[in-house]
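Consider the two complexes below, in which subunit A is the common component and subunit B and subunit C are the respective partners.
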Partner chain A sequence: MVAETLWRRVWEARWSYVFMAPTLVLAILFTFYPLVASWYISFLDWSGLDSDREFVGFANYVEAVSDPYFWNAFGRTFAFAAVTVPGTIGISLVIALVLNDQALRMRVVFRTVFFLPVVTTTAIVGIVMSLVLNPFDGPVNAALLYLGLIDRPIDFLGDPNLALWSVAGVYVWKWMGISMIYWLVALQTVPSQLYEAAQVDGAGRWRIHRHITVPLVMPFAVVICLIGFVGALQTFPLVQAMTGGGPAFSTELVEVYIFRLAFAAEYQPRLGYASAVAVFFGLAVLVLTLAQAWGVRRAATSQRELRGGRP
Partner chain B sequence: MTSIPQTAIAEPVTSLADEAARRPPVRRRRSYRRELVVTVILLPVCLLWIYPFLWMVSASLKTDTEIFGSVSLIPEEIQWENYARAWYEANIGPYFWNTVIVTVASVAIVTLTTAMMGYVLGRQRFPGKRLVIVAFVATLFLPEGYTIIPIFELVNRLGLSGSLWGIILAESGGAHVIMIFLFAGYFRQLPNELEEAARIDGAGFVRTFWQVMLPLAKPAIATAIILSLMRVWNSFLIPLVLTLARPELRTLAVGVYSFQGENMTDWSGMAAASTISLLPIVAIFLALQRYFVEGVAGAVRG
Partner chain C sequence: MDIDDRSHALSRRRLLALGGGALVSTGLSGCGGPQTAGTRRRDGVPDVKMKIPDPAMSLPSGNVQFRLMDSDDTKAPFWEAFFEAYQAKHPNIECTYDGLPWNRIEEIAPLGIRNGTAHDVFQLPPSIPTTQAVAEGWIAPVDDIIPDFAAWKDSFPDGTFVEGVQVFDGKLYSVPLASDRRYYAALHYNTQLMADAGYDPQERRLTWDEYRDAAKKITKNGHGRTYGLVLEIGQPPRLTAIVRYLAASAGLGLVDDIDPTTGEYIYDRDEVANAIELLVALQRDGSVLPGSANLTAPESWPRVARGNAGMVHAGPWVTVQWNTQEPDFDFGVAEVPMDGSDPKPLGYPKTGTDNVVVFSKSKVKAVAGDVLAFVTSLPGQTAWGKIVGVGNPPIIEAANQAIEESLTPQAKMCQKLADTMVAAPSFLVGNPDIALVNRELKPLSPDFGEIIQAALVGETRDIKGALRDLKDRAMRNRDQAIAAAKSKGAQVSLDDWVFANWDPAKDYRPEDYKAR
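Now for the complex of A and B:
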């Protein structure tokens, strides 16, 4: 009986399934199947399309755990996120606070300018920036020399101690505009009556922000950080275009490492091992995001309690 | 994040735009001085912010010796042949058309399929709905590098590696959760009477969607087109991997990237190639910047 009514409900909703079919087929082929397949491939010793595959169990994972290149890339990836996320979020908050002023007539122009890098092709921007930061004739070094701020050119991308942070700086510049928009959305949820009341009470700008803006915008802040964190782990186009992981692997983040193993290997591509690294990394990201999402929920709940149960 | 966003894209103009009218003129004079100070500080910051692009355009119009020698942004004599060299010798021409084809096809496929999916999720009930929503939300946190190896293998096995179709389908096949929810949220807030009236007029499921619902969703369609346009035009990893063995199928992002590897010293040519690649998306952005901003803003409203 139950089966029969279920079947009836499915049949009645047949058009719903037909309408979902194109999206589902595409998503199964290019999102869900690759998800499962990368698990399977990670158990193989496999060097390319036409070569033999050999099932090796957990050997790839065992190798990854003791692979210094992987752990270095892993640590660098999170160091990169640890620098770029606060950088992006902080700068964008300051700019959003300035641009949120309705009396500022040119704010749409400013907003457009700050958002512009976001819409441009990351890989191409990376190449342009590698020219801009070039130590020999790049405009940044030329300007710094001209102003007398430095004596000799800085090799932003050629110095292994500096390259990752140069890329991080470009990353912040490239993606700041998105967080800025998020902050503007958040700031506009603050009722303007509150500001007016505070002004009438004679509160200064700083105190207004501290006691009105910050508490009301907090729930958004957590979501913005979460989105920023997930984004900061996906750095392949920028890094590959700016440095290709060099010099001396100093900018080799996990995605770049996976690409090198699978598609740009010096000797033989290692698709199985690359998959194992990808799965390992993906799981680590998932665990971290879930932990953060749990934190978001906790923060939201405690805030609701603080406000006396109001949403 | 998991709730379906109730987006306010119906009125893209009002939400982030002027609310000045509602504000009483508190302390007019001080706000004038403040505005002046802020503007004077922000203008140079903005110039620095877009300086890399100004430099790129300027370098694309200079000779190589002038790029290396001069700090001025204005070229002594405009060198249009940099563009000709990039377009013909560095193959940026074919790459440009490849990118246009991939972008137009993917944007069309993604917009139509996510609109259909969003319509069903927003307005219909069916067994398994929860499962579908959960599965799609879960993909939100999936790093791109995670799936590229199986995608590469799949495209080769399907025999799509010889044409642009491999790239088009792989680009269209990402789970476009944000766009699906955008449509779902939009369709859900349309009144039920519309469907009932359509049914009374004898329209079936398909005609109701195609002739009644979809035309009403124009703002959502505009946002979806812009979001997917931005994603596909700028995509790098998928076209890079899928054209490793087929340079003739490269898109602009991949083409300019390989240009750099092959002609390290041709800065003016590289700058011209980069300008050609960025110009279309920047022009579209400047023309429709409000919708871009609203599209991005929709992601966090959810």
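Now for the complex of A and C:
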């Protein structure tokens, strides 16, 4: 009886399933299968090439926990996110506030200009920016030297103390446009009557933003932060194109480290161990993201409760 | 040859352009010339006609396909010319050549092996050791497919084929097409800039002090537009080659980072630390091209040809590249600078390079044997030498003499530098079970190259400490690998790395192995 109704419901919605099928098949092939396969492979001692696979249980995970290269990459990855997420979100909020002003002329042009890096291929951005930042003939150093701000060219990508932050700068520039769009959407949800009322009351631009815009778009900030945070952990193409993880591992983020373990030609590939590192890292990110979402929601709830308490 | 060749190339290119690009080009190569990854005929490549002899074994009579893949470099023009001639001789054999960068071979070879569609003849990527390919049954022995195998094998220099390198259980699996007697870190320099600095390294070998001084002067004369030296810091394995050559030039004898007189790793030797200190000093002088920290070797060579830097350490393949691509660039080639009065020559492995293997599931093994037999014959190797050049010199010695007059002055210098090298002893020849130990060795991290890189970018200040630590790790690693190999039945001990009768200045001959 139950099966019959279920079958009938499926049959009635058959076209929905037909239209879902291509996406589902692709998702199974290219997302779910690799995901599950990497869990399995992470328990093997396997180069990824030969038929010599040995089941080693949790040995790869045990090794990862005591691997200094992994923990260095792990620390760098979160330092990278800690700098780029507030950077991207703060700068894009300012830009969105400016561009949200209906009176601003050519705002579509500006919006496009800020969004352009987002739709440009990451590898191309990486290669072009490493030319731009080149200490020998790059325009940035040429300009700084010409202005007399420095007397020796700065090796943005060759100095191990600087390279990660140079990549972070490019990352912020490249992805700021997408956060800007999110903010613009958020800003457009603020009813214009509120602004008009505040203007009538004689509020200045700063006070309008402080007391109307910011509190009303804050809930969006949670989502934008989360998206930004997850994005900042997925930096492989940019880092690979700009520094390849060097010099002396100073820009080796976890994804680049995983790539080096699994595929880089000069090393003996270790697909099993690379998968274990990837799964471990994925779990760590999942836990942190959940904690973040939970914390922010708690904060928002308590804020609402506080507000609700007031007359 | 130049003018003819270039007009030929131009007219062909124009034809393709007129005919509408890719479609026509595949159509053309399908019925005429060999198919290549990207149809190109390069400027500056000599036009060598090859006469393909009648096959000594029976080849398939029906229409068949033969596919070959290698790492291109400067080899593509040879294969293009060869397959053109080969297809003219055997119209029923359609030949395809794929010259690809290593990272593509790294992807394509394993996939092809796995699903049975690998090229008939190909180069194994570094991630697949020959031992593994043999053990897995991926590649076939060539003993039965090369005509008159015993005589053919004898045509190679003594000591070329070694059990554990290309020979496994007495069968030959991997055929070297070129000699590895190559001076990997020759000083390639801009003649004018070097002369302005007051030196002529071809006239008299530079000392380390003069080398540093030349770099300083070139930088000073360059006023920010030219620097003394470009260093491929972004490619650590290349740094190890430069440091090994410099250390040898300071009097250290070495084979594979080991001192054969003691069997110990050389990392903690003063000559090694001093060589790294020299490069660090050049960096501190401001003589190294800014931005070198991220450069790989192929990215650094054009910097010299373009006048951004005065010198680079590079192998003979760079001579070939500049001769063909920058025919107007006036450059010199010289030995690495030396320190002290007792520089040691570098050793080269007798086992050759540019090895190719035959896929075990190939349906045209007879064709593979016929192709390999020709390419390693004197006419084949002479054509190879003339087209590919000194970057991958012929392994058959007579072919090297045959091409001598066709060489540029710089290429002749490369040959001269190669002649200063001596045959190094092979630990594997001493005891084939060392192959089993090598299989158990774990990659060191950080390795030699990474330590040099860290010193050059200022991450490591205590270079000697890092090198001592590296030596300790390397020795321990080998001890563990020996123990692991022994537990699997290998007969091997630390003494197998000791060659007491080794003289770094002389060829190590086959009879020396017995006398050690």
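One rule holds in what follows: the second predicted complex is superposed on the first by the 274 of 311 C-alpha atoms of A that agree within 3 Å, B and C clash if a C-alpha of one lies under 4 Å from a C-alpha of the other, contacts with A are read in each partner's own complex, and residues count from 1 in each chain.
One rule holds in what follows: a residue touches a chain if its C-beta (ideal position, glycine included) is under 8 Å from a C-beta of that chain, and two chains touch if they have at least 3 such contacts.
What you are looking at is a predicted structure, and each value in this text was computed from that prediction instead of being measured.
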item	value
Touching partner for A:Ala248 - first (subunit B), second (subunit C), both, neither	second
First, second, both or neither for A:Ala278, with subunit B first and subunit C second	first
Partner chain(s) touched by A:Ala168 [first = subunit B, second = subunit C, both, neither]	neither
Which superposed partner A:Phe114 touches (first subunit B, second subunit C, both, neither)	first
Touching partner for A:Ile208 - first (subunit B), second (subunit C), both, neither	neither
Chain touching more of subunit A, residue-wise (subunit B, subunit C)	B
Which of subunit B and subunit C A:Cys225 touches, first, second, both or neither	neither
Subunit B versus subunit C as contact partner of A:Phe263, first or second or both or neither	both
Partner chain(s) touched by A:Gln199 [first = subunit B, second = subunit C, both, neither]	first
Where subunit A meets both subunit C and subunit B, residue numbers	49, 130, 136-137, 263
Touching residues on subunit C, where the partner in the complex is subunit A	102-103, 106, 110, 125-128, 132, 136, 227, 233-234, 236-237, 289-294, 308, 443, 445, 450, 453-454, 457-460
Subunit B contact footprint on subunit A (complex, rising order)	6, 9-10, 13, 15-17, 19-20, 22-24, 26-27, 29-35, 37-38, 41, 49, 98, 101-106, 108-125, 127-132, 136-137, 139, 142-143, 146, 173, 178, 181-182, 184-186, 188, 192, 196, 199, 220, 223-224, 226-227, 230, 233-234, 236-237, 240-241, 254-255, 258-259, 262-263, 271, 274-275, 278-279, 281-282, 285-286, 289, 293
Subunit A to subunit C touching residues, read off their complex	47-51, 69, 130, 134-138, 153, 155, 157-160, 243-244, 246-250, 263, 265-269
Residue ranges of subunit B touching subunit A (in the complex, touch as defined)	1, 15-20, 22-24, 26-27, 31, 34-35, 38-39, 42, 46, 49-53, 55-56, 59, 67-69, 71, 109, 112-114, 116-117, 119-120, 124-127, 132, 135-136, 139-154, 156, 169-170, 172-176, 180, 204-206, 209, 230, 233-234, 236-237, 240-241, 244, 252-254, 256-257, 260, 267, 270-271, 274, 277-278, 281-282, 285-286, 289, 292-293, 296-297, 299-301
